[in-house]
Every structure is written in structure tokens, then in C-alpha cells.
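The same chain A turns up in both complexes below, where it pairs with chain B and then with chain C.
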Partner chain A sequence: MDIKPILSALRRHKAGTVLIALQIALTLAIVCNALFIIQQRLAHLSEPTGVDEANTFVITNEWVGSPSSQRADAMMREDLRVLRELPGVADATSSNSFPLRGGGWDDGIKLTPDQVKDTSGAAVYFGDDHFLNTLDIPLIAGRNFRPEEITAMDVRDRLAPPVAIVTKPLADKLFPNGDAVGKTVYFVGNPTTIIGEVELLQSQSVERWASAFAWRSIIVPKRLAVSLGVFYIVRAQPGQLDAVMRAAPEALFKSNPRRIINDDDGVQSYATIRAKAYEGDRGMALLMGVICLVLLAITAAGIVGLTSFWVGQRRKQIGVRRALGATQKDILRYFMTENFLISCGGVLFGALLAIAINLWMVTRFEMHRLSLAYLLAGVLILLLLGQGAVLAPALRASRVPPVEATRSV
Partner chain B sequence: MLKMTHLSKVYRTEVVETYALRDFNINVNEGEFVAVTGPSGSGKTTFLTIAGLLETFTGGQYHLDGVEVSNLNDNERSKIRNEKIGFIFQAFNLIPDLNVFDNVEVPLRYRGMKAPERKERIMNALERVGLASRAKHYPAELSGGQQQRVAIARALAGSPRLLLADEPTGNLDTQMARGVMELLEEIHREGATIVMVTHDPELAARAQRNVHIIDGQVVDLAEDPRFHQAVHAARANSPA
Partner chain C sequence: MFAYYLQLGLRSLRKNPLLTLLMVLAIGCGVAASMTTYSVFRATSNNPIPQKSSQLYVPQIDNWGPESNEDNKGEPPNAMTYTDAINLMRDKRASHQTALFPAAMSIVPTDPSMLPFRETSYAWYADAFGMFDIPFLYGHAWTSGEDDSHAAVAVIGKTLNDKLFNGTNSVGKNINLNGRDYRIVGVTEKWNPEPVFYDVINTNGFDDPIQVFIPFTRAVELQTTTNGNNNCNHDPGKGWDAWIRSECVWVGFWAELPTKSEAGAYRQYLNGYSAEQQRSGRFRWAPNTRLRNVTEWLDYQKVVPQEAKVSLMVSLGFLLLCLVNTVGLLLAKFMRRSSEIGVRRALGATRKEIYIQFLIEAAAIGLAGGVVGLVLTGFGVMGVSLVFEPDIAKLATLDVSLVLLTMLVAVLATVLAAFYPTWRAAQVQPAWQLKSN
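And now, the complex of A and B:
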């Protein structure tokens, strides 16, 4: 099928042609970027925390009666003893926060005391000598905290840890030569010696504000002894999670009833924590997916509508073509080719539009550059959609009998 | 060239059967110019659509250029239409979105002909009908007579064995009709076989032979005395 006469015919139907090409272009531009956003969100919500999520859960414990810092610390140590002794528990620790919690402490780290600008930001986790084992984060260099290094800390106290353990991304950022262990950094204005390095521990938040230090975490040898409460992180032995999640609060209440552990979210598995943390991403991915589907459906309907209209309008012309020797396949091919040409025009303009929209989002919303693969995938989807949408009316056109040429309008 | 034997065409609905052609027999030899005449509803157009393989028939036999066509499939019928038959329609049936050149090119493209040969044939056909200078014009920019001449050029470009004309001057004024008719006569003199359906006795008189149809059957022209007399009168007044 030569395209010249088809192009010539399309030039005589500019309005319909341009409108459908524009619709294809807009759909492509939006679908490409939406697919890219979906992919980024999906990739985001499957990012690892470093925690043994399958066996770990978190208890949010609040004290009743505003106990003093010392009293809170004593009760917390007793709780940890109770938890660690529970059947099915691999280990337990307390902390000020945990990965995916949504909020927590972060601070800047400097390499020299008089440095004005931080070398890196970092998520700050309080942890005792059980912290690494509970979260199942192996050390890749240096050593763990010793029990005597762990101190209790109230929120009013100055955070001045003499030692700390850092994640590899933070260590690499601070000391690119890979020799962080043993080095001193300045954390909240005080010198801190890095004694260990772990591979991975995600920051508390997955929101954009925390993305700069997403895997740069620092663990300090502290117990948060505050009247408000604390988080207990518990790792169950494989297969024991559900049983331990039921038994732990019971054991804690039995040991000390002056506490609040909410029925709704007082005890949360990491599966629940992850689901909550990425609710926004999943929602956005879903919304984008729905927008894509709706746009594609509208475009397909537009193509079906316009082609059906053209088939009805050209019924006699189709009969004439059949009378002059066109086979049913020739007629089918004519309409498929016609749609392909319109779609090609649409996707060409749409590709430029997609890039322009992406560049705007890159500068405006700090998005990533649109991958060429998404552009190509979008082009392919739109071309296939066009061909799929035009098939039914084109088949209808191919069934117009040649005798139609002799019928008066 | 064209032979129909005991051919019938029946249109069936749930309640009634209508015979458009019944025991229809006709034989057109190569090089003949035959006018098929008859009153409205007699079956002239049905005959033409069956002759041109635009429609199938219900019974009987139809040989076109020695080929029995009743068992041909849609593709084979399309191929024969494309290669052996040239159509001239009353309403011209040019494609309004294509210019004159592209209109004449339509059947040649379906034949898979190469571009240089197509161009040569198109220009020859347009020169023959006197419209080579209008190749880039669109149908809407031409008069009715010119459009019909483009349709004739389209029919001629493929060098068909048989030209089928359905009331070729029906939509034209007298002067344009005369020009088109003279063109058809010229084409016939050059050896083309032409079957023309018309209800105009003057046009019928200019054909070599008249085949008259009434109620779907070929009858003797004498059975339609008024038309018979009109044809005779037209022949008598003819300058030839």
C-alpha cells in the first residue's frame, strides 16, 4: 500500500486528522511520564531497609504517669529483659525510631570541628549492643557496641556519643578511601569515633526530605529514657512472628501494667510498617495507572469513533475501490495504514511533548530524566493501541461490498 | 467475451422472493458495442452488477472471457474486476479526496504495477480523454463531463477487455453527453468491447446492438413498441 494517496486524502480531512493526532500526542506525553513515575514509585516502595523484615516487629510503648528519666530507663531495661526471654524471640532492642517509621532524628556530620557546612546528613538511631543483632544487620568492619558504652539519654540531654557505628553509604561519603573505622567525626559539635560499619540501614523516612541521606545512618550507643515512651524492636525466630507478636504485649503488661500499647498500632509487623510507609507511593502509582488507562481508553475510543465515522462517510468510495479491484485485504490495509500514519505523526509530536513535560518536571519537582525506554514503550503502546482500535471499523470497511459503488447516496 | 446462460438473481426476504433476473441469456462478442435497455426496475443494473462481478448470482452460468465465474472467491473476482473490466458509472464515482492523476491511478495500484508504468498509462489515458492538463485538479474542480471523462480514463488506463458503462451520460447535459458518447464510440472503434446500460433510446441507437430487458428477462425489442420506435427514430436521425 503506497502512502502517497493516503496522505493526499488525509490532507483533505485536516481537522479530524490533526485532532486525533493531537490526542495521541497528548496521551503519549502523559502516559510516558506517568509510566516513568509509576516505575520510580514501584522501585521506591521495594527499596530494602536492611532489617530482617519477615521476622521483625515493633512495639510502641508509652508509660503511664510520666516517670522520671531514671525510672523510665529502669522500666525499659526490665522490658527488654522480658522480651529477650520470651520463647520464640531471637533478640530485642529499644530505639528512638526505626526504618520506615516516617519520622525520627537526623543531624549533620562534619569532619572537623570548625567546619561550617556538614559533610553529610545522617539518620540517627539509638541502639544498644543488641541493636545490630535484633535488626539482623551484620557488621562489615569494626566492632559492635560494648554494654558499658550504652548510656541512657533524655530528650533534654546533649547527644554527644563518644563512639558510633555508621552505614557503608555514610562511611563512603565521609571517608571515600574506605577507612572510616577508627576515624573521628564531629556529630552535634562533639567528636565521635567510628567503631563499626554496617552494610545497610535505611533512614526513618522515605519522603523526599530524607532522600539526601536515605541510606546514610548513624547508630549511637544510647537508650532513650523518656517518660513518653519508646520503641521496642523485636526479632522473632523464623516462623514465630505471629506467636511472638501476640505474646510480647501480654508479657510486657504482665511485667508492668503501667503502660499503653495501642490495640490498633501498638504492635506492628514490618509488613504493616512498610505498607503504611509507602501508602503515598502506592496511591500515586495507582492514580497514575488509572490516568494512563483512562487516557488510553479515551484515545482508543476517539480512534474508533473517527474511523467509524470515516468508514460510514466513505462507504461509497470503498465500494468504488472494491469495484476497481481492491480486495478486502486492500481495504483493511488502507485504513490500518491511514491510522498508522496519523499515529506516527501523533507519537512524533507526543515524544517531543513527553520530553518537554519531563524536563519541566525535572526542573520543577526534582524528577529524574525520562528514560528513553519509557518513551519507546509509550510509542509502541500508542501505535499498537491505534492499530487495535482501528481494526474493528477497518474490518467493517473491508466488508463493504463492491456493488455499493452502483448505489446512489 | 461475455456469456450468461439461464442466469437468475433472486433477492430473498423472510416473506418474499423477488426475481431481478430470470432465465437471463445474453452473449456479447469481443469488440461489440451493446446497449442494454429497458424500463426502470427491469433488471438492467442488476445485469450490469453481475456482469461486472460486483454481485453474485443465484443460478445459471456466466462465462467472462472464457472463465466460469460462479465458483470464484472474492479475491479472484477482485483480480478479474481489476484486470479485465473497466467501469464507467452514472455518478462518475471519482474519489473526491484524490486528484485526477491519483484517481486514474487507483486500479493500477491495486494491480501492483510499478510507478513508471503507472505514470505512463495514466498520462496516456488522460491525453486520450483530453484531460492531461487537469491531472492535478480535484474532481470538485471539474465539470460533470470532465469528471466522466476522468472516469473513462480510469477505466481505460488498465487496458480492460470489457468496458461496462452504467448510464454514462445520465448525469450530464446534452452537450457533455454527446462528447462522452463520442468518446465511447471512438474507444469502441479502436477495438474495445463495450456493454452500456441505458434507458435513453438515442444512446441505445448509437450502439451496434440492443438487448432489451423487461422483468428480468431479455425480450425482443418489438415487445416494447414505444422504445422500439424511439430507437428506430433515433437511428434514422443519426448523422451516421
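And now, the complex of A and C:
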């Protein structure tokens, strides 16, 4: 196929050529970045928590009338007894927070008492000897808390746990040699011995501010005995989740009515908690997806429109070419090649634009660098889109009869 | 003439229905996407207290030192220690000032059939009501004297008053908060600034309106824990008293400084205060203070969610593409009518008249696009909750100004896109067109 005549024809349609190329360039730039955002958000929202999410739910309990710490602790222990005895419950625990809650207690951990800067931040979870079993996170080294190690704590008490269990990412950060168990770290200024290590336990927040200590969690042998800010985490036996979620608050109110368990978010399954935690990510991916699709559709429609116009304008020339011996295939190939050339110009400019936009977003919105795979995927999508869009008008052009050459002029 | 051209324009909409439909849909989609995301952006970047946003200031005092601020570009902590807040309250260097924190309050209704419940509650000083221009439905704020005497008084919001007292004047009645009685001195009208500038730190800017206000001094006396963030750089030690005296930051602070010179003087005062703390040995670093007004504070705290910015950017890119697309389609549409233009020009129409005719035709297309865009924006605003968290999504609404803006953007954008195709149409040589047919 000779490209020269196509190029000289394009020179006579500068405006249309530039418009199509520009559309393709803009579409490529937006689609690449959008696809990249989609991929990042989807990867983020499919990260595991380590919790047996299918069977676990969380109750947010609040005591009325500010009971003393001792009283709150006694009532909480009674609640835990009620929950554990409930039919269908595998195990229950209380904590100051839970993975994906959205916020909570985090603190710095040091390796020596006089260290100025923290070695790592960590999400702090309060837990008793049932904590690991309830969340269904297995120990990979060391041991669990013993019942006698668990102590109650008021909100203004000093958090000075003599022992703690850490996640593997935290252990690896603190002790890269992999021998964290048995070591002493300084936590809230006090020495704490690591007695166990678990594989996985997500932080309370998966937002950007908490990303510095994602997966780095520390579990301390404490019950938070306060009127507000206590959560019961309950794991139901397989298949019993719905029934237990209904029965648990009823049983708690029956045992002690002086409490608040909010109607709308007092009892939440992990599916709900996960959906809420990643609402923004899922929404963003959805929005970008919709915008991509509409964008591609509009660009395709634009190509169809402009090419149809060209074909209409050139009916006579096509007729002449056909009369001079060009086959239908030649005409088809002419328009396909023409579109390909324009698209190539468009994607070239678009690729540069995509990278420029991405670099700008990296500085403005703490995004990551665009990976080349997305650029290539985008280029491929747009070249195919161009060819697909031009097919219908090109076929119509190829069906222009040679006799057109003889009509008027 | 205008009416005639508009009529021509509307008629030509029907001539190439497919092409026209494409344009109208493209413009509609582009406008709808940008208007939907703009509605969220507008809500989140709203000035919550325009009449006073340059008079209310958040002072910050660095009580942690350079070691702890290193990761935060040397910025002082976002909140204050109890010590500093009380000292600033005592010195009263601003015309009005208040320390505040979200207090954990449960309300115990006198009606035994009602279960206890929780409402957004804040502990602050009497000055705050005037500073934040909070309107009262019944009664008034408590007095500074009641601040000083740690009085058991409360101001409640309209919603809570409706719930507990069926909307009747409850001033003088008692309300049970955390098991203790408070005398109600005032009921506020609906007061719901968005974003909630007074406590960005604990709410990220979006929360339910406050329903219970009690004196800061009373809340502290009763050792009421903050329901918000508490950040410590060192172990505060055991017990309430140790915590209150510690360097943990958890108190919000606002000062009203009506003029620039007063703000300048307050800056000097903050530095002087810090220098004094340095001399007394509490700070081991030079004064490092900030004083930001509402606008600067919301900006510094990045209240506009990143999602809102990114999606607005993407939508604007989308609108741009729709316009490029419209330029192309309009070009095709107008050039197809070269012979018609030729005839009109030959019959004496000037270039200017061609310009006007085609721009009005484009405006007609823009108008149609705007109507489609309006419908799609309506759906878009309903779907905002899929992308943004509920507290933010409920702020995005399709109001009169958004409707007008949608139509305006649609028409303006289309007319703008029509300039080049119109110019090309006006360049059509009448002789050339007449010859060929």
C-alpha cells in the first residue's frame, strides 16, 4: 500500500486529521491514567486482613452513666461469658479496635529506651487469650497470652504491657534476622517482651496516613475497661453468622440493659466493615471505569462521524479510482490505512500526554508512576478502537460504484 | 433575526438526526460528568463561615520540638495540650477565644421506655457561640461566669430538642448527660457548617451537627474523656491528673481576631508565650508557632478529599475531549451544507450573518446537550454515594445554581467549540459551490 497519496490527501484535511488525532491522544491519556487508578484501587481493596471475615462480626458496646473502671471490667467479662456461651459462637474477645475500623490506637516502637526516633509505628490491639482464636489468626512462632497475663486498663492508665504478640511484618522490621520472639522492645517508653508472632493482622486504617505502618500490628494482653470505645469481636461457627448476629445483642441486653448498641452500626459483619473501609476505593474504580467506557464510545462515535463525512465528500474521487481499476479492497484498505496513520500520530502524542499527566498527579496526589504496561495496553486499545470505528464508513466507501465518477462534473 | 436563526438551528437538528444525537449525547455526558464531580468539589471546598473566615484563627504551639516534627516538615502539632489551652484562655489576648474538644456524652432520657443514646457533643467556652455565629431558637448561651464556676449547664441542638421535648421551649429544664443532670440554658437553631471547620482534626471535616454543648471547665472537672484524637510523644504517666499535665495534645483552640493588626499582635503573643515556656525550661527549642485562619486551616488540613480533586480533573479532561469531538462533528455537519451556504452567500448574506446563524445553531445544540446533561447530572448526584463516603455524598445536591451552571457550561462550551467550524463555513466560496451543482 502506497502511503504517499494518503498523506497528501490528509494534508488537504488538516482540521479533521488533527481533530481525530487529538481525540485519540486525549482519550489515551485519560484512559491510561484511569486504568492505572482502577488497578491500584482494586489491588488495595483486595488486601487481606488476616481475620476469618466470612464468620466474624463486631459489636460496638457503650456503657451508660460512666461506670468506674472496675465496674466496666466486671460487666465486660460478664458480656464475654454470655457471648462465648451463646449457641453458634466459636469464640469471642474484646478489643480497643479491629482491622479496617478506620482509625484507632497506633504507637511507636523503639529498640532501646534512649532512642530518639521510633524504629517503627504499629497499630495497637488490645486482646485477651481468646483474641487470636477469635480472629482465627494462627501463631507462627512463640506462644499465646496466658489468662493470668491479661489485665484491665482504664483509658488514662499507663499502657505498659510486659509481653506482646507482633505480626510478622512488624517483627521483620524490628528484627530483620527473624528472631523477634523473646526480644525486648520499648513500647510507649516501657520494656515489652515479644512472646509470639502471627503471620497477618491488618491495621485499623487502610487510609494513606496509616500506610507507613500497614500490616505492622502489636497485640497487648489488655482489656480496655472504659464506658466508650470497646468492641466485642465474635466469630460464629460456619453458616451461623446471621443467626448469631441477631442473637448476640439480644442476649447482651437481656444480661445488662444499661448499654448502648447502636441500631444502624452497633453490630456489623466483616463484609459490611470491609465494604465501608474500601468504599472510596471501590467508588473511584467504578467511576474511572464508567468514564473510560463512555470516553471510548464517544471517541469511536467521533471517528465514525468524521470519516463518514470524508467518505461523503470523496464519493466522486472514490468513483474515479474505482473506474480506473481500484478494487473494493483497495478502497477499504485506503481508509483503514488512513485511520491507522492518524491513530499512530494520536497515540504518539497521547502517550507523551499520559506520562505528563501521570507525573503531574504523582507530585500533586501522591500517586504512583504509571507502569509502561498500561501505556501499551492503552495504545493497543485505541489503535483497535480506531480501526473498528472506521470499518463501517470504509465499507460504505468501498461500495461506491465506479459509475459515480461519471455523475455531475 | 435571532428567532429565525434559532428556528433554523432547531430545524437543522432534525436534519442529520444521528450526527446531532451524537453531539448532544457527547456534550451531555461531558457536562454531566464534570458537573457531578464539581458538585462534590464545591461542597467539600465550601467556605463554612464566609462572614468570619478571615477573623477566626487556630493557634498552634510547638510543644514537642523538632525531633517529633521532623516527619511533619517542622509543623507544630495539630492540637494543643490542656496546659497551653488553659494558659491561652487565661491570658485572653483575643477579643474572643475558646478551647474545645468532642466529649463522649450519652443522653439518658427521663422517659423510661426510651433507651439511652448518643449525640455529637462538644465541651467549649461561652465565647464559642458568638464566635461561630450560632443562632438560638430558645434561650441563649451560658455566661463566662458559668464557665468560671464550672456550672452544670447545657445548650442543646434543635434536633435533640425535638426528640426529647417535642420541639417545645426546654430552657430551664434538665437533661441527663452521662448520668448527671444539666440545666438547659439554650436551644440552638439548626447549625450545620460544612465542612465542620471547628473540629477538622477529629472529623476530617464532615460529621453530624452538634446536639449537646457543655462548659469545657465542667467537662474537665468531671474528667470527661475526649471522644477525639489524643496524641502523645511520651508516656503521659498514670491517671487523669498526669494526663492533663502531660504534653499530650487533644484540645482544639480558636481565637477571634477581627483585624490584621490584632492577628499580628496575637502572633507576637504566641511567640512570646513560647519563649516564656522556653525560659522556664519546658520547651528546649526556639518558639515555633502558627496562626491560621479558617480558610488557611481547612487548606492545611486537606479537607477536600483527594478523590474529589482527582475525579474533578478526570471529568474536566473528559469534557475537553467531548468538546474536541464536538468540533469535529460540527465541522462535518456544517461543511456538508456548503452548497446551502453558497446559495445564501450568493443571495447576499454577509459572512457575519453566516457566523451568527451557525453560532446560534451551535447554541441550540448546546442547549439540547445541556438538557441531557442536566438529566445525567441528576443521576450522577444520586450516584455520588457510590464514590464518596456518606458524610460527603449527602452534601452534593442538584440546586438552582448547579442547574444554571450546567446549562451555561453546556451552551458556552458548544459555542466555543463551534468557532472553528463556523469560521470554515463562512469561508465557503459561493461561486465554487454554485458551479458544482
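The definition used in the following text is that the second predicted complex is superposed on the first by the 407 of 409 C-alpha atoms of A that agree within 3 Å, B and C clash if a C-alpha of one lies under 4 Å from a C-alpha of the other, contacts with A are read in each partner's own complex, and residues count from 1 in each chain.
The rule is simple: contacts are C-beta pairs under 8 Å (C-beta built on N, C-alpha and C of every residue); 3 or more make two chains touch, one makes a residue touch a chain.
From a predicted model like this one, the values you see are computed outputs, not experimental measurements.
Aligning the shared chain A places chain B and chain C next to each other free of steric conflict. Among chain B and chain C, the chain that touches a larger number of residues in chain A is C. By the document's definition of touching, of the two partners only chain C reaches A:295; chain B does not. In the superposition on chain A, A:37 makes contact with chain C only, not with chain B.
Applying the stated contact rule after C-alpha superposition, one finds that A:22 touches chain C and leaves chain B untouched. In the superposition on chain A, A:110 contacts neither chain B nor chain C. Applying the stated contact rule after C-alpha superposition, one finds that A:406 touches chain B and leaves chain C untouched.
Legend: residue contacts after superposition of the two complexes on their common chain; A:5 is shown touching chain B, with no touch to chain C. By the touch criterion defined above, A:260 reaches chain C but does not reach chain B. In the superposition on chain A, contact is made by A:323 with chain B only, not with chain C. Taking every C-alpha atom of chain B against every C-alpha atom of chain C, the smallest gap after superposition is 10 Å.
Common to the chain B and chain C interfaces on chain A are residues 408. Touching chain B in their complex are the following residues of chain A: 2, 4-5, 8-9, 12-13, 316-317, 320-330, 401-403, 405-406, 408.
Interface of chain B with chain A (complex): residues 45, 48-49, 52-55, 74-75, 78-79, 81-83, 87, 89, 91, 93, 95-99, 102, 105-107, 109-111, 154, 158, 166.
For chain C in complex with chain A, the residues that touch the partner chain are 19, 22, 25-26, 29, 33, 67, 70, 104, 106, 108, 115-118, 178-179, 225, 227, 234-240, 242-243, 305-307, 309-311, 313-315, 317-318, 320-322, 324-325, 327-329, 331-332, 335-336, 386-389, 420, 424, 436-437.
Contacts from chain A toward chain C in the complex involve residues 15-16, 19-20, 22-23, 26-27, 29-30, 33-34, 37, 62, 64-66, 116-117, 155-160, 188-190, 208, 226-229, 257-260, 262, 279-280, 282-284, 286-288, 291, 294-295, 298-299, 301-302, 305-306, 308-309, 312-313, 357, 361, 364-366, 408-409.
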